[in-house]
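Presented below is the structure to which this report refers.
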């Protein structure tokens, strides 16, 4: 069982979140690959049971770079069905489009037939940090990684 | 294991969709209760492993009646975490707000910490019928019910 | 020319935002009525050139009370076309569904054929405060009121 | 006064919609440029009072190509404030993500501080065609072009 944490990051903020999420996945005992979006091929998406994507908030949506990966993933449309998905973002300010960025990733994951989960306690749609993630934000990212990993184990069997 | 299909319906269209979804759930061997939203108490939400809600498309969102149930469900905030959710709608026209109605239900389910799934083949976010559901729409509703039931079995064990 | 600022508020936070927005509207020289949603009839919606609605963030969407007003407004469907709209929310936490709450109001306004505007500098979709609005949040609300009033004057002539 | 209709199109469907919208803009007496997204520079966005963008529905969102234009437009962040925006899409099926594609464009336009409008009669968020636009869809596109042009004239003066 393997989970991919794919991210875009210019400032390094989204990368830090990605690293914390990957730590959470591993803490749960699941193998995790951490990759910049530019280094992910659509073919390798098939190798993972869980796919978590992060992007800085650019005009309230994922970046064009991450969107490119989804556009190209049409090659395997239908084959990601049933996989577990997740999303996170680093935003410039509160109310700056971070929630809609996470939802934009969710929309792409749902159209792939994937499974996603919200959170009743932490940021509800997925980890959202304003600027550089502080300790609290990193802790939430780790918890999120653990949670997605636990769900993946439940669905794909240990 | 039990799944609730809760719905609002004025014209009867959403009700027909709800009935087809309930048939699909039962076909998958899972007990299913079918109820109008006005007859659902927030307490009984706790009794189900899966919660599927349907609403006609009213101004691009679920109806106030269904929203009331979610508003009141704050009493049990956190206790629905990990349950499986689903959503469907009957809309007046194509491009009439049906997709955003389903997403509005998804947003409430995610904030409850619930798990949702998209579909790579049928209407991607959830069953969406324009006007009275035809045969094709009813078949899609049944498939959707089966799918959510199968996911519920996977996550909650058979 | 008249603008209505309609709001729901349990804790008083959304009310404070509404008051600041109303001050901004008046600063721009436009008459403004400030009303709790329970005291707004759908008939009087016709009397305003601008309609700004605020709601606390309840499960990532406007409250059922505000949604009820929109559901009932179907009585005048088509007659609000061309009016100017706005939306704001008070949320429990950052990433708590505040953006999607504003968008839920926008969706209803758009389906009424109304005109809305974003903001390149402040919270992009509309005023969003976490908890009690601080000075900064109140200032943003005032600016928002001024902006919507200025747009209403532009479109409806002074 | 000038309006740009920018589009991506692989199959030609979105292009046909763009052409009909451009006809509507011109019918309203406003100059209109029709361009493929790849031929639009971010600098020229400043030259238009109205910006209408169309994209096929790719995973429930605008294409990466159109998103790239928005990402690059950050160079002029703040300078598009007050311009009039519009959005349209060609989708593979009803419930296929067309509404969310239009909303994804709206989110980017709102974050630029732009002004958008919905429609109480036609597809509410913006023109949405499934597959090749038929006569009805082309007529709706023309009406939409006229509407956005009329709003632009109102706001920018004739």
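Observations on the model:
Lettered A, B, C and D in written order, each chain numbered from 1.
By definition in this document, a residue touches a chain if its C-beta (ideal position, glycine included) is under 8 Å from a C-beta of that chain, and two chains touch if they have at least 3 such contacts.
Because the structure is predicted, anything quoted here is derived from the model rather than measured.
With centres computed as the average of Cα coordinates, no chain lies farther from subunit D than B.
Repeated interface, listed pairs A-D, C-D or B-C, reference A-B: C-D, with more than half of the contact pairs matching by residue number. Rounded to whole angstrom units, the spacing between the C-alpha centres of subunit A and subunit D is 29.
Between subunit C and subunit D, the centres computed from C-alpha atoms are 25 Å apart. Centroid to centroid, with C-alpha atoms defining each point, subunit B and subunit D lie 33 Å apart. In subunit B, the residues that reach two or more other chains under the touch definition are 60, 97, 100, 103, 107, 110-112, 124-125. Residues 58-65, 67-68, 70-71, 73-74, 97, 100, 104, 107-108, 110-112 of subunit D touch subunit A in their complex. Residues of subunit B touching subunit D in their complex: 60, 93-100, 103, 122-125, 127-128, 130.
For subunit D in complex with subunit C, the touching residues are 77-78, 80-82, 103, 107, 109-121, 124-125, 151, 154-155.
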